[in-house]
Amino acid sequence: MEVTSAAGLAALLPEAVVALTAVAGLLVGSWLPRGRQGWVRGLAVVAALGALAGAAGGLGGTPIALASGYAVDTATGVARVVVLVGVVVVLVLSADHVAGSRRESEFCVLVLLGGLGAMVVAGASDLLVLAVGVLLASVPLYALAGFGKDAGGTEAALKYYLVGALLGVVLLAGVTLLLGAGGATSYAELSVALPKAPAGVVTAGTVAVLAGLLFKAGAVPAHFWVPDVAEGASAPVAAFVTTVPKIGAVVAIYRLGTQLEVADVVAWPALVAVVAAASMTLGNLAAFFTGQVRRLLGYSTIAQVGYVLLAAAAAGQTGLALPGLLYYLAAYLVTNLGAFAVVCALPRAATPDDYAGLFRRRPWLALGLTVCLLGFVGTPPTAVFVGKLSVFAAGVDAGLAWLVVLAVANTVASLFYYLRWLRPVFRQVPLGSVSKPTVAEARSWPGEFTSPGRWSARVAVAAAVATLGVGVAAEAFLSGVQGARLLP
Amino acid sequence: MFAVCAVCAVAAGAAVFWVDSMARATFALLASFVFTGVVILLIELSYLGVLVILMMTMEMLVMVVFMVMYMMNPAGLMPMTMVHNNRVALVISGGTFVALVAGIEVVPWPARGGEPPPLPAAELGAAVMESHMLVMMVVAMALFATMVASVVLATDRGRYDRYGDGLDRRVPDDPIRGGVGR
Amino acid sequence: MTLDVFLLLAAALLAVGLYGALSQQSIVMIMMGLELMINAVIVAAAAFWFFLSPSQPDGQVVVLVAITVMAVEMAMGFAVTTAIFRSRDVDVVDAAADLRE
Amino acid sequence: MAATLWTLLALPTVVGGGLLLAGRRADAVAAPAALAVAGAEVVLGGVVAGTRPAVTVPALPGIRVGAAVDGLSAVAVLTVAVVLLAVVSASVAEIGRGQARARFHGLLLVFAAAMLVTVTATDLVALLAAWEVMGATSYALIGFWWQAPGRARSAGVAFVTTRAGDVGLYLAAGAALAGGAAGLELAGLAGLAPGWRDAAVAGIVVAALGKSAQLPFSFWLSHAMVGPTPVSALLHSATMVAAGGYLLVRVQPALAATLWAGPVVAWVGVLTALALGAVAYAQRDIKQLLAASTCSQVGFVVLAAGVGAVVGGTAQFVAHAAVKTLLFLAVGAWLVTLGAQGVERLRGAARRYRFVGVTFAVGGVALAGVPPLAIWAAKDPILAAGLARSAVLYVVALAAVAVSAAYAAKAVAVVWARSGEEAEAEDGPRVALWQRVPLAGLAAVSIALGVVAFPVVAAWGARLLGVAYGAAPALWEIVVSGVVSVAVLAVAGWVHARAERARAVVLLPAGLVEWLHLERLAEAGVVRPVLALARGLAVVDDRVIDGGVRGCSAVVAGLARLADGRGELGLDRSIRAVAGAVRWLARLALRPQTGLVHQYYAQAVAVLLALVAVWVLLR
Amino acid sequence: MTALSVAVFFPLAVAVLLLMLRRPRARAVMWAWVGATALDLVLVAALWVGYVFGDAAGDGFGYEASSRWIPSVGVGYHIGVDGISLPLLTMTAVLFLACAIYSVHAVPRRRAREYAVLFLFLQSVSLGLFVSLDLILFFVFFDLSIVGMYAVIAGWGHGQAGRSALQFFLYTFTGSLALLLGFIVLYLGSQPRTFDMVELARQQPLAGTGLAGGLALLAVGVGLAVKTPTVPVHTWLPPAHTDAPAAGSAILAGVLLKMGAYGFVRIAMPLLPGAWRDYAWVIVVVGVVSVLYGALVALAQPGFKRMVAYTSVNHMGYIVLGLGAVGVAGSDAADAEAATLAVTGSVVQMVSHGLLTGALFLLSGVLYERGGTYAMGAYGGVAGLTPRFAAVTAVAALGALGLPGLSGFIAEFQIFTGSFGAVPVAVALALPGIVITAALFLRALRRIFLGDRALPAGARMVDLSRPEMASIVPLLALSVLIGVVPIVLVEIVVPAAQAVVAAVTT
C-alpha cells in the first residue's frame, strides 16, 4: 500500500501528529513570552496523548505494510504506545527542570522528534528508513544531552555524538553491504535475495546494521555512552535517552532477525545471544562498584537491555518471544522512568549515601524508589517480574537455557547493587541530609529551574503504582500481544 | 582514468591526516571527495557525482571558516602532531583494510541483474517521489531536527536575550549592532 | 573497471577514514575521518548499483541518503564542538574526560 | 469397667499436672492430695487386677493406642501402687514444709502415672510415650534440688543415658510397622517378618537394658542417687529401673521367637548381676551400695526374661520392689533424722533407731536371698531355668547370688556396727509415724512373699500370668542356693562386723568402687568425640558464614552453594575463590569506562571486527 | 471474594488502612494490629470448622476459588486448602497473633506503625502462600515473604542486622529464582501450558523425560532447600536469626521455613513424582545430614538463640528425611500406610516446629531483653529469680527435644516409624539426633536456669510479663493439645497425605 493513499496516511496518523506538532510547537514557541512556554509543553503533551490514543486504537486493526518500507503491525503498534507514554512522562517530568528556561519550547520539540525517531525505527521495514530513522532518533538527543550547556552536559553530548556518528556510519556501511548482497533495501525483497547471497557479505552487513541498532539500544559493544550521558545530562534527559530509543531499537533488532530471513545464514540467535549475555553481565558487574546513582542506573539499563535481547535471540523459534519482548519493554519503560523520576526529584543526591533517611522525610518517594528498584530485580508482582517470567520462558523454550541461567545469575548479582542503594534509604539518620533544595540551591544548580521535585515526585509515585498495576493487570497487556506476528 | 582518480582520492584521504595543519587537511579532504565524485561520474551517475562534488566543496569551505573561527593553529604556522594511540589505530584500520580486501576478493559477487536505465537521475527522482518517499519524509524530519538541535547547541543567545522575556522589545539588543535594516 | 576495484577503493577510503577517526585528537579531525568513511560508503553503494543491480534505484537512494547523513552529522558536529568550546574552551576530545569511573 | 482403668491412669496424671501448674501456691495441699491419690491408686489397682479391663483410643493413622490389664500387668500395677503409697507417705516427712512440695509430689504422681501406663501399655506408641515421660520426670525428680550444680548435671546424665537407650524403642516401632504389626501391638512382635523382628527385638532389648541400668549403661544409676531418697526408692524399686526388666519379661515371647535374643539377654542379665553385685560390695556409701545392688537384682529379672522364667522374673520384680523400697525408706528415715549422708554417719544408726534398724535388717537379709524370704523364693525358679539352659549360666548366677549376700551382709553390718554412741540412743528427732508405717508394711511383705517358694503358689502364679509353669526347681537347687546365701551372709557378716568394730576398711579394687569406670568409658568413647566433632563442625560453619557474608561474596556464596553440593570446606574455598573472581571482574568491568572517546572507539570497533570475523569464519 | 481470600488479604487491608492514618498513636496501632490478627485467627478457625464438619473437604481442596489472572501465560488466581495447608494456615495465624501480642510493648514507639504494617503484610503473604494452588501465585508470595523479612531484619534487628539481612535476601532470593526456573520448565512441559498446580498434577508433565524432570526437580528442590533450609545451604539461617528481632525470628523460623518444606509436599512431590522417586535417595541423604549436622553444630553453640536456630536445621531435616523416604517406599498397601505415616509426621512436624520454635525464639527475645546477651555462659540459676520464665522455657525445650505429651514427639515418632521400613539405615543414622538434641537442650536449661546464680552485667531479670505469657503460653498449650490428642490434627492431615503418597508411589 502506498504511503500517500488515504489508508496509508491513516496508518501513519500517530507519526504524522507528532511530526506536525513538533513543527507547530517550534513556531508557537517562538512567539510566546518566556514565562508562557508552558503552552508548548501542554500542546506537546496533548498531541502525544492524541497520538497515543490513535496508536492504541490502531492496535486492534489489521496489520498494514506500507510499500515504502514501513510496517504497521502489532510490534509497531505496541512500540508506538510505549514510546508515546515515555514521551508524555518525560515531558511532564521535565517540567521541574526546564520550565521557564530560554529554550523550553525547543526542549519539547526535540523530545517529540526523538520519540518520532524511535517510532520510525520500530516500524521501519526498509534498511534506508531504518538508517534515517536512527539518524532522526539520535540528532535531537545529542542536543538534549547538551541542553544544559554545562560542562557535564556538553561533554555528554560530545561523547554521545561521537559514538553515535561512528556507529551511524557503520550502520550505513552495513546497509550498503546488504544492498550489495541483496540488491535492494526493503526487507521484503531482501528476505528473498539474502538466503541465496554470499554468506560472508550478509554476515558482515547484518552485524554492521545490528551495531548501529545496539548503539541506540545502549547494549554492548556500543554502550560506552550510556553511563556518561546518564551522569552528565540532566536527569529528565537521562531518563529519556536511556529509555525511549531503546524501545524502537530493540523492536527493530527483532524485526531484523525475523524478517530478513538471515537466521540460518548468519546464526542470528547465537549472535544476539552473545550480545545479550555480554550486555547483562557487563552492565551488572559494572554497576557493582560505581559510585553515582545515575551511573548505576545507566549500567542497570545496559543490563536490562541484555534481558530484553534474550527474547530477541529467541526470535522466530517460539511464539513466546515477541509477546515477552513487547511486554518487557513496556514494563522496563515504566520502571526505569520511575527510578529516574526519583533522581529528578532529588537533584542534589548523587551517591546512594545521599539518599540516607529518605524514608523518614519523603516516605512516598522512598516507597516509589523501592518498588521501582525491586521491580528491576524482578520481584513479583511488579511488571518486570512478569516480563522476566515470559522472557525466560521464551528463552528456555528456544533452547537458550544457558542464557537464561546466566540471566538468573545476573539477576541475583543485580540485587546486590540495588540493595546497596536501598539500604541507606531506610536508614535512620539525623535530619538535614536530604531535603528539597532551596531556591538558592536550585539557582546554583546547572540549568535554571523552578523549585524542583514537585512534578518528578508525582511521576515517581505514579510510575511505581503503574509498575505494580502493569504487573498485576498484566493480562490486559499480554492479551493484546498474544500470538502477535510480524509482517509480512 | 579511474585508476588515477582512485589513487588520488586515497592519497588525498591519507594526506588529510598527514599534513600538520587543519586548513590543509580540509583541502586534502575536499580533494579526496572531488576525486570520488569523478569516480562516481565514471559509472553514469552524473547527477550524484556532481552533487557530491558541489556539496563537499561548500561543506569544506564552511569547515575552513569554522576552523578559522575556533580552532587553534588554523594555518599550521607551528607544526604539531595531534594524534593519540597511533599504533592501535594503525593496527585496527590496517586489519580492517586487509579483511575487506580479502572479503572482496573471496566473495563470489552475484551476476549483474538488468541494465542501467537511460536516465539514472530521472529514475532516482521517481524513486524518491514514489517507492522511497517515506525515506525522504523521514530525512526531512531529520533535517528539521538538525536545525533545531544545532541551534540549541550552538547559539548562546536566544530570542529572549534579544527581545526580552516578553518578546516586547522593539529593537533587539545585540552585542554588535548592524545587520540588514539597522 | 570492475566491481572489485571500486570496492578496493571504497575499502581503502574506509580504512583511512577509520584510522583518522581512531587516531585524531581534534574533534574536527575525527569528523573528517568519519566523512572519509561515508565517502567510502558512497563509492561502494554506487558501485553496487552499477555493477549488480542497476535496474533498481535503491543504490542511488543509498548514495543520496549517505550524502544527507554526512551533512547532518557535520552540522551536529559543528554544533557540539561549538557548545563544548563555549563551555570549557577546548576542542580536543581527550580534554573532555570528566565523565568516567 | 474401662472407667476404672481410665481413672487409674488419669487420676495421678491430672492431679500431678494440676499440682505442677499450680506451683508453690499448692504446696500446702500437695502432700495430702498425693497421699489420697496414692491410696486411691492402690484401691483402683486392686479393682483392675480383679476385673482386667482394656481400653484403646485412636491416636495416629491406623494406630490405636491402648492399655490393658492382664495377669502380669495386674501384678505390676499393684506393686507400683503399693510402692507409690509407701514412698509418698515417707516423703511427707522427707520433703518438709518450705520445700517445693507441689512440684515434688506433682512430679512423683506424673512419674507414677507414666509407670502405670508403661506396665499396662499394649502397643509400642503408648509404651514409648510413657517410657520417655518417665525418663523426663525422673530427670526432674533427680534434679529436684536444682540449686546445686552437680545435681542438675547428674540428672542430665541420667536422662540422656536412658534416652540413648530409648532410641531403641523408636527403632523397634519402625521395624514393627515395617514388619507388618499393623497396630504396633506388643503382642504382635513375635509374629513379625524375620528380619524386622530381629531389629524390633534388638531395639527393645537396648531400650530395656538402658532403662534398667544393665551393662553397659549402669553408671547413670549412681548419678540418680543425688535426688531425694524417696525418689531413689521409687526409681529403684518398682519403676524406672525395674521397668526395663518388666518390659523384657513382657515381650519374652518375642525374645524367644528370635534365636539370639534370649541368650544375649540372659548373659547380660547374669553378668550385670555378678559385676554390679561386686560393685555394690565395694561401695562405702550405703546409697551407692543399694544403687549398685539394684542393678544386680534387676539383672536377675533380665536373666529370667532371657531364660523364659516368667514366673520367677515376676516374683523377683515384686520381691525386689518391696525389699528395695524398704531399704531405701529406712535409709531415708535415718538421713532425715541424722540430717546427713555418708556411711560415716550411718554407722550404727540402726542401734540408735532400733525399729528402723530391725526393718532394715529384715530387708538386708531378704536381699541376701536367705530362705525363706521373698527374694530367695523368687530366685530359685530363675536359677532352675538357667540351669536348664546351661550349667555355666547357672554357676555364674549362683556366684551372683553369693555376691548379693555379701553386700547385703556388709550393709547390715555397717548400720548395726557399734559406733560407741549408743549412749544417747533414742534421743534426737524421732522417726515420724509416716515413715514407720510403710517400713513395717514393707518388711512384712518382704517376708510373706516367700510363699512363692511353694509349688502350689507358683503354679497359681503361672496360671495368673497365663504362662506354662516350667520345671519347678529341684530340691537340691533350692537347698544349694539357700545354703550359699546363708553361708556367705554369715561369713561376710562376721568379717564386716569385726572390721567395723576395728574401724578397719576392707580394701577393694578401685575399679569396683568406681562402677567399673563405665562412665569414664562412655565419656571417652562417646561424649568427648561427639563434642569435639560438634565444635569442629561449628568452626567450619562459622567460617563458611563469614566467607559468605563479606560484601558481594554473599551473592556468590549463594551461587556457589547451588553450583556444587560438596563438603563445607570445599564449599568455603570455592566461595572465596568465586567471590574474589567476581569482585575482580566487577572492577575489571569498570575499566573500559575511561571517559576517553578514542578508547571507546577503539574498543567498539575491535569488538565489532571480532564479531564479524568470528561469525564469518566459524559458520 | 471467597472466605479464604478474605482470610488471606484481611491483614493486608488493615496494613494499608494503618498506612493511610495520619500520625496514629503507637498504642492504638499496636492494639489494632493485635485485633486484626485475632480476627483473622477467628476467620481461619471458622474455616477449619467448616472444613472438618462441612462438606468443604470434597475432592481434596476446600474453599477452592479459581479465577483467571494472566491466562495468556497460564497464570491463574487459584487458591484452596486441604489437610496439609489448613494446619499450616492455622499455625501461621496463631503465630502472628502471638507475635502481635508479644510486640505490644517490645517495639520502639517511634516506628510502631511500620513494624505492624510490615508484619501484617508478612501475614497476608504467608497465608497466601499456603493456600495458593498456582505456581506463579506461590512464587509471588514466596518472593514477597523474602522482601518483607529482609525489611524486618534490616530495620529492627540488632548486631550486624544489615549484613545478615543482606545474606538472607541473597540466599533465599537465589533459591527463589532457581525455583522459578523449575516452574518455567514445568510450564513449558505442560500441554496446554499452565502454571496451575492441580492441572499440572493431573497432566504429569516431564513424566518419563528423565533428564528434564531431574533438572526441574533440581531447580525446584534447590530453591526450596535454601528456604527450608537443609545442609549445605543453611548458613544464612544462624546470622539471620541471631540478628533478627524476637518476633521476626519467630515468624522466620515458624512460618517462612515451612514454606520450603511445604513446597516439597505441595509442588515437588505431586508434580514431579517420577523424578522424586529417582532421586529420593539424594533427598534422604540430605535429610539425614541436616539432622545430624544441625544437632551437632547446635550442640557447640554458646549462644541460646543461635543454638535454637541450628536445631531448626535439625528439625527440618526430619521432614526432608520423611518425605524422601516416601520416594523410596514400595507401592503395596503396607508400604503406602507407612509412607502416609511419614508424610503425616512431616506435616505435624511443620506445625509443631512452628509452635515450639516460635515460642523458643520469643523466649530468647525475653532473655535478650532482660540480660542483654544470648550467651548462655553469662547466666546461671535464673530459675530462682524468674520461675515462670524458667518453667515455660523448660516446657518449650522439652517439647523441642521431642518429649511425649507435646507435638514434637508425635511428629518425630511418625516420621521415624513411617520411614524405617523404606530407609532403615538412614533412620538408624538419624535417630541419634534426638539424643543430641536432648543433651543440648538440657544443657541449655542447666546453664541458664539451674546451678549457681550468675547474671550478665546490667541485667534486670524480671519474670515474664502478662503479654509475654499471653503470647507464649498458648503456643505451648496448642503443642500439648497436639501431643495429647494428636488425632484432632492427624485426622485431617491423613487424607491429603494419602493423596500425596498415592501421587508419588504409583
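We call the chains A, B, C, D and E, going by the order they appear; numbering starts again at 1 in every chain.
Simple rule for what comes next: contacts are C-beta pairs under 8 Å (C-beta built on N, C-alpha and C of every residue); 3 or more make two chains touch, one makes a residue touch a chain.
Here's who's who by UniProt: C = NADH-quinone oxidoreductase subunit K; D = NADH-quinone oxidoreductase subunit L.
This one's a predicted model, so the numbers in the text were calculated from it and none came from an experiment.
Shared contact partners of chain A and chain E, listed by label, are D.
With A-D and D-E as the two chain pairs, more C-beta contacts join D-E. Here E is the chain whose Cα centre lies closest to the centre of all protein Cα atoms. As a whole-number value, the distance joining the C-alpha centres of chain A and chain B reads 30 Å.
Centre-to-centre separation of chain C and chain D, using mean CA positions: 95 Å. Averaging C-alpha coordinates per chain places the centre of chain C 66 Å away from that of chain E. Work out the mean CA point of chain B and of chain D, and you get 101 Å between them. In chain A, the residues that reach two or more other chains under the touch definition are 128, 132, 135, 139, 142-143, 146, 149, 157-159, 162, 166, 180, 183, 200, 204, 227-228, 290, 412, 415-416.
Within chain C, contacts with two or more other chains are made by residues 14, 18, 21-23, 25, 49, 52-53, 56, 58, 61, 65, 68, 72, 76, 79-81, 83, 86, 93-94, 96-101. With touch defined as above, residues shared between interfaces to two or more other chains in chain E number as follows: 166, 170, 173-174, 178. Which chains touch which is summed up as A-B, A-C, A-D, A-E, B-C, B-D, C-D, D-E. Listed in rising order, the residues of chain A touching chain E in the complex are 323, 374, 377, 379-381, 385-386, 389-390, 392-393, 396-397, 404-405, 408, 411-412, 415-416, 419, 423, 426, 474-475, 478-479, 482. By the touch criterion given at the top, residues 103, 106-110, 113, 130-135, 137-139, 141-142, 144-146, 148-153, 156, 158-161, 165-168 of chain B touch chain A in their complex. The touching residues of chain D, when paired with chain E in their complex, are 23-24, 57-62, 125, 128-130, 132-133, 136, 139, 143, 146-149, 152-153, 156, 159-160, 163-164, 167, 170-171, 173-175, 177-178, 180, 182, 184, 199, 530-531, 533-535, 537-538, 541, 544-545, 548-549, 554-555, 557-559, 561-562, 565, 567-568, 571. Looking at the complex, you find that chain E touches chain A at residues 68-73, 136, 139-140, 143-144, 147, 151, 154-155, 162, 166, 169-170, 173-174, 177-178, 180-181, 184-185, 187-188.
Within the complex formed with chain B, the chain C residues making contact are 1, 3-9, 11-20, 22-26, 28-29, 32-33, 35-36, 39, 42-43, 46-47, 49-58, 60-61, 63-65, 67-68, 70-72, 74-76, 78-83, 85-86, 91-92, 94.
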